[in-house]
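Note that chain A is present in both complexes that follow, paired respectively with chain B and with chain C.
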Partner chain A sequence: MKFLALLQNTNWKLTRIFPLTLLDMAYITVLLPIFIMLKAPMMLFSLIVLVILFFKKSPASKKLIFFIFMLGSLAIYLSLYGAFSFSGLSRLKIFLELLIYVLIVVVSMQRLTREINLYLIVSPFLFLALSLFFYHGMLMLVYVVFEVFFLLWMILAHRMEGSLVESFRSSMLMFMYSLPWVVVLFIFFPRISFEHANYGFKGEVIKRMGHDGTMFIDGNALLVPSERIVMEVGFEGEIPAEDTLYFRGSILYVDKKDHWKPLPAYPKRETRVNRPLQGKVSNYKVTLYPTQKRWLYLLDMPKKEVKGSTLDRDLITRVDKNIKEPVHYLASSLLSHTFYDVLDEATYRASTLYYKDRNPQAYIVAQEIKNKYPLKEKRASAVVDFFKAQALTYTLQPDALDINRSTDSFLFDKRRGYCVHYASSFVTMARMTGIPSRIVTGYKSDKSESLDNYLVVKEKDAHAWAELYINSQWVRFETTTTARYIDMQNQLNSIQQENPTLQSINLYLMYVKYQVETWILYYSHARQLQLLDYAKKNPMFIVVFVLSLIVLLIITFVIIAYLRRPMYSSEALYILQPLLKSLKKRGYTRKKEESIHQFLLHYISDNPQHLEVKEIDILYEKILYASNTSKLELVLLKKLIKKSLATH
Partner chain B sequence: MMKSLRTFFQTYRKIKQKATAFSAVVVVFLFGLFAQAYMHDFNLVYITLFFVFSFAFSAAPIGILNLGRLSATFVHSGRFFAKQDGNISLKITNNSPVASWAITVHGMSVSKPLAKLNAGNFAIVHLNFTPKNRGSFSYKSCYMQSKYPLSTVRLTLPIDEHYEGIAYPEPKGKRLSSFLNEQEAQHGEEKEFDGLQTYDGTQKISYIHWASVAKGELSVKLFSKDLYVPNLIFDFHKAATNDEARLSQLCLWALECEKKHLPFSIKMPRGYLSSAKESIDEILSTLAKH
Partner chain C sequence: MNYTISSEFTPIIDAVEMHLVGKRETIALSLATFFARGHLLLEDIPGVGKTTLAKCLSQVLGLDFGRIQFTSDMLPSDILGINYYNQKEGSFIFRKGPIFSPFLLADEINRSMPKTQSALLQAMEEGIVTIDAVSYELNKPFFIIGTQNPYEEIGTFPLPNSQLDRFMCSFGIGYPDRVSERDIIRGKTENISTLDQPLLTQAQIEAYMKKASLATLSDTLLDFLQNIIEFTRNSGRFEYGLSTRGALALTAMAKSWAMLQGRDYVIPDDLQMISSVVCSHRLVFKEGTTTTKRIHDEIFTHIFPDI
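Presenting the complex of A and B:
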């Protein structure tokens, strides 16, 4: 409203805009997002046109228009040079780019004539619609709403003969009228469309790191202490306990000295024995950013496969193609650190293979444990105890291990490392004690990166842990907990990098972004059904929903009433209104040509006993003609009017 | 709230709505957006689609509020003469608490734009009108129209009142001075003049006082015979050769007499019309209805 007041105080002559200028303003607004994606020749062409338009205030000659046409054609050719192949033309993006370029050239030609025709009026809307093909983010959402409002403002300014102030007020009014309808339509309009398409518009070049299906333990070890978000997870209820937030990525069986690999495709593995998993159910929605890999990350242990993916016998979820753009999936897991399995021959062999010559020291210790404890769970505990006894240090900057004897090097010499070193050594040693073991890589989330039911998983949360096969169950072991020391200097560096307040603000912003993306940008048929289902189960939700709509309607009407309120030339006149209304009720109506002073004098002459009205008249005149009006005088006027109304 | 709604529906019934060509453009745009949203499931497109849809549909009620609180009454519009341009005056009042925009007032084959009418204010709109014939006429079928706010709907508010007027005969024929010259002989010959008066274009050229013209003043001589107030009696039958010409001639003379404040009488086939007894408008009305 301050903006409105500012506009009202602006010089009136300046706020009257010619139709052509209004059109120009509309074009600038809608072309802004398109300019960002223009190729260099087309951008150069647009700049030339803008310069001509800026300096040339008369209609362009036919020669100049023809020159612009030729220049535009050349710019189009150069912009799309190389894209004209059959494979290229099969992509809708090229067609749309071509369409936009042609539209820019034609609009430029028409604009140079300085004649407004239907085509020139309609084109901003076409540009708006076309720009929606190319952008689909938060920023564009805000910009689209602004664009829609701005175009409405320009239309109304044209209809109201270029009055920017009044048209802004009317646009606000119309916008508010429309808002409840937009909300209702957005929620309930049936989304019967095809799958969310991209046609190559939004593919991200950057990929998220942290997990890539192999695990190096030498200098190539993947350590990404980055804050880049890999996943955003929205839980149906509360976020589960921190020690259950293991997002399963891939399973590694094969020890290749310097790295671990998954099982190759050729050993035929039997399907998993279908035995229901145990644990607390957690339902959640994941937004996974481009990883250029095929894994979908689900909490331990995935209950069922995600739509469009496969869940293998190791409870690993994969999709057919590399993930090149954000993926949204609904998932369900049973929060457990174990799951039942019957080992087939291939899995058994892979999970028990080790080379005793590579790590002789670890082998000797493992054999002692094996001989001492016949039960596998006791052996596992003994391995954990052994790790703890080695006084290991958790550090993100470990010394290089001797890769030919990596486990011995880590456990007996260097004793410094992070998750990959711990998991690798632990699995090797567990295998030496006769326990089938494997490494699981994925993400271990930190609950400090959460807000309500929203959790952020970052690249730095990449993690590796061990799974040991004990009593027909795969049991998760968090191997880094065996560290006795934590390299504090190392940890402090990473903590001090960010201000906690900034971190908190950042988290809130991410949360807002996530909610907007969930409920607006990626609101879908599935979410509609989810809402409907939720409403069926919770009748109170319907009441809350209807009440929310009513509140929205009330807010809208209040704003509309505010915008439609009569405008007074001064604050004093506004304060005077209750008195004028009261006098009107008593049969005294101010005539058009009558000033307030004349009107009040007329009333006083009929009612000399009403002395307050005389006082009001004097004060009102004083306020009206004084060079400086103090707030106190306005307050006094208000009081006098109140007193007068109370008396009579 | 209920009162406002009732008022709105009363206004709604008064106003006629018709889609414009621009609404077809909006429909095409909506269809295009729907196709885009349907094909790609882009919520941004859906949002744009819903906004455009809502704007298009809220345009009519906003337009009704803009136009519906206007009232129009005919006000005194002056004299009308057959085949001469006149103006029908309409007083348009805005009874709304907010200004009304982009109104066009339509009369019989003419229209006048009214860019803005402030809250509680009125404007007088003059609509050109040329009566074809003398006699009574009725100016009706007036309406106010607006395409505010989006040009998608043309809203029409009919003006129920109509203007009943009378077109006097077309004033044409010989000037009154000619008639007086013909009567001159009855008032003696020119002698010394009695004074000077400013030339107003109706006096004889021969009356111009050249001595004052040389001094820079355009004066004419005033003769005692001219100060004589003649008893002007215009005879219907002698005024011209046919009835229409006679009525036009008499109308012209009556108007000239009114201008010069000269009393006159008209001898009509059935009685006399006297400026002493009737007003000029009554005399002209009698001539118009003859």
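Presenting the complex of A and C:
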């Protein structure tokens, strides 16, 4: 409360801040992000220095500074002890960390002397630059802008002899003056196209994301009911229909009893075949967060490979290395549930292999279907019908299946499961009826987490479905739709909907973040060209663009005008300015120590014929100093001044 | 300094000026001090019209004029009054001292002993006199013009600063200008008849005093005022800064001065006008002599209204 009262009673206009305090404020700002990443010993050291600074107001003795030096060295040693690993980027990181630690110790030693020197003035900028290596992304961008502004403010405050209010206004003005230029240059200045400079250290903590390369049917391999974001997708145009939002990941062929595996890399298969394109084209850009996998997720069916990746014959978009940091890619897909393929030997063998002794019951049913229908599509729909007839339940908490006969166990005994169990059993049975088939894993999104053309795919959207080879085409089968019952209690949705408001706020925030990222952080040469192209096609766009630039300019100048206005300590003085200007033209300049009243009297005594000036003087004083003045008097003053200016 | 005395008050000043030729500003300032319910300390050499000013002012205002000539052997009872034993009635009767006049000229205060000085100053501050455990209220209005000889003379007891603070304003009268002095020498002022009746009634005086206290002080002006006060305290030019009583004196004087000019609000010019006379006996320069003009110049070359 005392502090609040102090704040209220302080006349900020007159308050002068000491240079050392200004410097401290700058340090607090730049050290904040660095402080968070400090290791415990270094943090302890910083706290000790802070305590000493707080309680010891006199310059530190040489002994104390030496002690701080020793303490700092110890803290550096302890912080970096055991962190030396001479591989990869981490060496650079250690080096930078060491640099920051040394800088902190040196600054502490210098600061304790309570004198300002060059080290202390330069170091905030070094800290600012160094912190950029350790952080990246939106928040840091905003913070860096703030830091730059703050440092500018502090420099100006120092130049203006510690006046916080005046220097704040000046630095705001500088920012406002530069704003239109920054915007225009940002949009039009030719950009060098390069891979996003993902500086900073990322992927330190390996996070398990989504399903693995293998799919377990006993454990909860695919069941990660988490809200963690897997990817953010921005569509060109509207988001496609929900039943097409299948993000294709990896494809599993090999039934290993308790889990499914992809085909081994050897023997090598033929490269993919040329196939006719079909389906609606959808273009979109994806931000995929670290998955530690070697493939990207694209909508069914990917049209062409994403830059820097290869599209294999199963339409898996493969990359060379595990994805350890966020990747951004532009993708194009043909929205379809089928694609044309010519099976090669290896694929055929892998996709038709089954073990009839493992699931005898299913085998009997499959043989019946096989014998009854010669056509593959009929057989497939018969399998679907059989699934439907089994009265299966979709649940996220199924009973454990008998792994030795998982399909039988699922279809005939337990009858409860989720996508994994459905897909696994379906593929097994399809193979038994003689249809080459496989499991596709990926993400199936719905539009509940979407806004405009922006879609968030979360961990809980992980999914598995089946693909059957019918009439030279791979056809997608959504196997979970065969469930007759849905165990609502165990639905993920029921958990999420606990707080829908919070959820939607969160989504909005993510949307804003995403928009800023795509339009500011990742604004590239390609995007510039895209914009130019768009402008060429739509002349209206140019008009809108120019108009919005003008609006921006106007807003900027309004803000500038607003910032400049309080330079006059009252509105009346502001209104008086034209008169003062006109008097200046006539050779009457107000002396610094003269009040307006004295100045005007001085003018009147030289020019007694200007009676309006006397009126203005009286009214002006009244407005400023009398008790009950209204807006009306300001208007009157304006009028009087206008009149007076008109007469001479 | 520019100022225009309102037509309400010009007759008063004119009337006094007939006796004290060419000293309109001094008269106006004295009047302002009176309306601000303050007391006035005149510091000047003998023979420039201190007594004339006091006498004329009391006549114009219609207040009973009392006068004490301070000497080194004076006792407090000479000022306050005394309980004397009336033999006829066989009881103690209080005889009022000169302090019970509403308009008192205390001539050459620094000639008396500190004991006597403090008796006067206490009465000035509190408006109450206590004699033998009985309190007597002083007249209202109560106005003292004290005079002090500025030069060191044998047998003077300079007033301590704490006591000087009780006077609202302090200034000198100064020599008259050449033309005015010629008129005085010619004897023009002697022929002027004294006023038949005062120009103001008691009720009017009370009304003016109230009006002066009600003048508006805007926030802008308070900033200016406080800047002045802070300057006297923090600039390092003065031995010590203005006290809060000094600040109150500044305010009251500025309000009163604003009223004299027919305004019900104070403007910076008022403060500029009265600051030096309010401060001259309150501030002492660390270096060099302290004069009214120097105080004015020092303050207002550093602190000025930016509007």
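We take it that the second predicted complex is superposed on the first by the 490 of 648 C-alpha atoms of A that agree within 3 Å, B and C clash if a C-alpha of one lies under 4 Å from a C-alpha of the other, contacts with A are read in each partner's own complex, and residues count from 1 in each chain.
Note that a residue touches a chain if its C-beta (ideal position, glycine included) is under 8 Å from a C-beta of that chain, and two chains touch if they have at least 3 such contacts.
These figures come from a predicted structure and were not determined experimentally.
Participant: Does the superposition put A:Leu521 against chain B (first), chain C (second), both, or neither?
Facilitator: Only chain B; A:Leu521 stays clear of chain C.
Participant: For A:Val144, using the defined touch cut-off, is the partner it touches chain B, chain C, both, or neither? Pick first, second, both or neither.
Facilitator: In the superposition, A:Val144 contacts chain B only.
Participant: For A:Arg159 in the superposed arrangement: first (chain B), second (chain C), both or neither?
Facilitator: first
Participant: In the overlaid three-chain picture, which partner chain does A:Ala430 touch, first (chain B) or second (chain C), both, or neither?
Facilitator: After superposing on A, A:Ala430 lies clear of both chain B and chain C.
Participant: Pick one for A:Val475: touches chain B only (first), chain C only (second), both, or neither.
Facilitator: neither
Participant: Does the superposition put A:Leu411 against chain B (first), chain C (second), both, or neither?
Facilitator: In the superposition, A:Leu411 contacts neither chain B nor chain C.
Participant: Mind telling me which of the two, chain B or chain C, contacts the most residues of chain A?
Facilitator: Of chain B and chain C, the partner in contact with more residues of chain A is B.
Participant: Common interface residues of chain A with chain B and chain C?
Facilitator: The overlap between the chain B and chain C interfaces on chain A comprises residues 592.
Participant: Which of the residues in chain A end up touching chain C in this complex?
Facilitator: Its residues touching chain C are 11, 14, 568-570, 572-573, 592-598, 601, 621-622, 624-627.
Participant: Can you list the residues on chain A that touch chain B in the complex?
Facilitator: It is residues 118, 122, 125, 128-129, 132-133, 135-136, 140-141, 144-145, 148, 152, 155-156, 159-161, 163, 166, 170, 173-174, 177-179, 181-182, 185-186, 189, 191-197, 199, 520-524, 564-567, 592 of chain A that touch chain B.
Participant: Over in the complex, which chain C residues touch chain A? Could you list them?
Facilitator: That would be residues 2, 216-218, 220-221, 223, 227, 263-269, 272, 300-301, 304-307 of chain C.
Participant: Using the touch definition from the top, list the residues of chain B that touch chain A in their complex.
Facilitator: Listed in rising order, the residues are 25, 29, 32-33, 36-48, 50-55, 57-59, 61-62, 97-99, 101-102, 115-116, 119-122, 147-151.
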